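One structure coming up, written as structure tokens, with questions to follow.
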């Protein structure tokens, strides 16, 4: 028996490393479909998008940098198609990160296809919605928090007359009655650097604009505080939230699949801690006493 | 010339008053000098233990003042105080000191400051010829490339002591674990609590909160500098008092204290 | 797939697994290769970023309107003083820009922290604890206040710990450790999310999966063989 | 002249003057020239940093070239590093950041590294937890319990199997951990302000260390 304790006390860390690799790789390729409970904040986010009415204008902000893309893409690839599936909803893409436009294009190319007769950006069609008819991309606005504040003050002025690709958007904005920040009905912000807090201060506080927020795990605490205070309509936290959203909206994707790996690795950690304790009490502690 | 007195910006008066109060208290205690009592900080005392270990084993020491994400801020100056201490002990004991530098786009000035600082410690100990700038390499302005270079140095040089303080982000955990694997005695510090929680699990000692920032004064053993630490405790007591007062006031239906704090 | 993107995937997979190879605990040529290319590439990127910044935000502004932007010329001179660091005789001149940078850095970081790090934190802790209509909230608020006060006493350095202060200090320490556990678990979750995202990129679609498996196996087998049978060769291959 | 610049008082005077122009306009509504000086100072620090990196590039190149010419062990790696770095610098400076060869190097060598190091943390967090989460005393028991409840709340399977642990976990994160972070911030800020005061009094060790060198010469 004590030899077993000795083994437990001295498990090589590389065993855990290899086990993590194998378990994650296997479950990602062969998902089991473990049960998933949808949390109320994701449910609320889903309902806000589900209840969008024709004519509503949605501003989608990409506060995404390269390091966070892998974690947030699950939310992007389920929430954005869900928005586009709602009839008559107009969408404006925006980014406050200098690399953000890469991820807007990456998202659009994954959920849409080029419009007939075109082969490059921005002429893509998403769920039947066409560029410059149903949605536009105004691209990167420098200044981060200052950009968000400036947009709230003078939306048309800051956006200017051109989209990210140099096409004129004045007419589109006029046609859809977007004169100022007050005409935006919903903001969806995908955060790697906590842009939501600025949307709350500069958009929610003066205009009571509804804000949905998806973010990476690291910036979750700030969002939770604002959600609890009622300033965010719904929040989608990290891959876990993305998985729940994918489950609700039926845009199944990798986030949902990776939930199995999520659970399994967590239980592996618990077992690792348990084994470490057994080894400690069965072997190390006795050795210390001796 | 007409001197106009401009009004104070709204919502910032309380901060100004607090700052002035702290100035006065600090200068008062620094003039009085010598505190009756100061608690030991194990993480900082352990540096000498680690240096002793390195001398015994004849292996180098590795130390980092952090990645200085927002330039040379107070965290970084605190960390530089620790680095100066480590450099002095290394020079005195004839140990090789490795300092991986860089890590963010604002860290470039820090690179030169740290090199200058280490060099001057070697000079002060009378061994300027032992200083080798190639032991203080610049490992790019990207956090994780810097961390990878750091880890590479840990794997190859097998230092006996690893002191990583200053601004340390997610990469700190990576470095601390490899350092443990490489058999180094690790003393770490970080600027936010979730990182400290992870570092506490993997390092021998961590500095928590103000310990790193006050390290310069603590390690100098200079009574005048040590006396300035007293201010921190006085303001803490003041904060607790304001907190309790505010809660009592709130219980009586008045949010006056909250209002005062926001002016 | 065109040849360019194939090579990007192949090389990025090789860098990824080269960096992962440190998990074997053996210093190996793959890690050394990945480390040096990564650091080299990162240095190249950061220099280009800084250079572009100097040109577009400094040189161009000065050249376009020197009469208005003359303060930037002083900035330029201070920057050039920094370059004197490499000159043994005049390197002391670099102390001037260093002092400016230190003064600005410390002052900027403390001035806002007085509010965000001190006063607003206290303001946020002033919570209603006498609200008997909502006992749950009142209890939670009371606990927050107790936690804050006890942990605050944990950070007392210049007063001897005696009597109630000692008890409070002890409680603060215990609370701090419990919160370390909670924060550790939360961080673990965040990192796990990023790891799963990275694994997904490596395993899906099929091409990536094949490249990843091949690269990973080649590296792992090479490392094991070298370590077990040819340790001297392995030692020669790493810096 | 040179002895003036080398003196501690001169550098201290710079720090005091600079600090004044940063603090003053923040608290008091100030005339435009002071505000202009404030923003100029902030820009200047970025300029200084941008030039400092050129010094770093020089010392780095010198170091690696020395390794290569002296054929130090592992010199081919230094060569590789230098070739890649200088190739990217030349391409990036001459053709811009969006040129294809530059983007290729960034996508192939730098960006995968960034996401890998974040991912690698999971392994180290696991092994560190397995090693150190041992119940030795009351502190370590609380550490373990805190981690256990939060893990149970976050894993979908754990939440499904033990639904009662979830609320405890979120209570711990939202209240206990939040209170601890709050005090941590307060403590560090206090330390930072006192450090700034020490710096202005010319007593901060880092600064003393920096200047002492020339006094000895």
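When the chains are written out, they are named A, B, C and D in that same order, and each has its own residue count from 1.
Following the convention adopted for this analysis, a contact is a pair of C-beta atoms (placed from the backbone, for glycine too) under 8 Å apart; a residue touches a chain by one contact, two chains touch by 3 or more.
On a predicted model such as this, the values are computed, not experimentally measured, just so you know.
Ranked by separation of Cα centres from chain A, the top chain is B.
Chain centroids computed from C-alpha atoms place C closest to the centre of all protein C-alpha atoms shown. With B-D and A-C as the two chain pairs, more C-beta contacts join B-D. Computed centre separation for the pair chain B/chain D is 12 angstrom, with centres defined by C-alpha atoms.
Each chain gets one centre point, the mean of its Cα atoms, and the points for chain A and chain C are 21 Å apart.
Chain centres here are Cα averages; for chain B and chain C they lie 15 Å apart.
Centroids of chain A and chain B (each the mean of its C-alpha atoms) stand 35 Å apart. In chain C, the residues touching two or more other chains are 19, 22-23, 25, 32, 34, 38-39, 41-43, 45-46, 49-50, 82, 85, 95, 97-98, 101-102, 104-106, 108-110, 113-114, 118, 122, 125, 148, 152, 155, 176, 179-181, 183-184, 186-189, 191-192, 194-195, 197-199, 201, 238-239. Multi-chain contact residues of chain A (touching two or more other chains) are listed as 13, 17, 67, 70, 218, 240, 262, 265-266, 269. Annotation for chain D: residues 23, 26-27, 45-46, 48-50, 52-53, 55, 57, 59-60, 110-111, 113-118, 120-123, 125, 127, 129, 131, 133, 144, 147-148, 151, 154, 173, 177-178, 180-181, 183, 186-188, 190, 192-193, 195-196, 199, 207, 210-211 touch two or more other chains.
Considering their complex, residues 11, 13, 16-17, 20, 34-37, 66-67, 70, 221, 224, 228, 240, 243, 259, 262-270, 272-273, 275-277, 280 of chain A touch chain D. Across the complex, chain D meets chain C through its residues 2, 5-6, 11, 14-19, 22-23, 26-27, 36, 40-55, 57-60, 73-75, 77-78, 80-89, 92-93, 96-97, 102, 104-113, 115-123, 125, 129, 138-140, 142-151, 154, 169, 171-173, 175-183, 185-190, 192-193, 195-196, 199, 207, 210-211, 214. Interface residues of chain C, counted against chain A in their complex, comprise 23-25, 186, 188-201, 203-204, 209.
Contacts from chain A toward chain C in the complex involve residues 13-14, 17, 24-25, 28-29, 67-71, 73-74, 216-218, 220, 238-240, 254, 258, 261-262, 265-266, 269. The residues of chain C lying in touch with chain B in their complex are 19, 22, 25, 27, 31-32, 34-35, 38-39, 41-43, 45-46, 49-50, 82, 85, 94-95, 97-98, 101-102, 104-106, 108-110, 113-115, 118-120, 122-123, 125-130, 145, 148-149, 152, 155-161, 176, 179-181, 183-184, 186-187, 191, 238-239.
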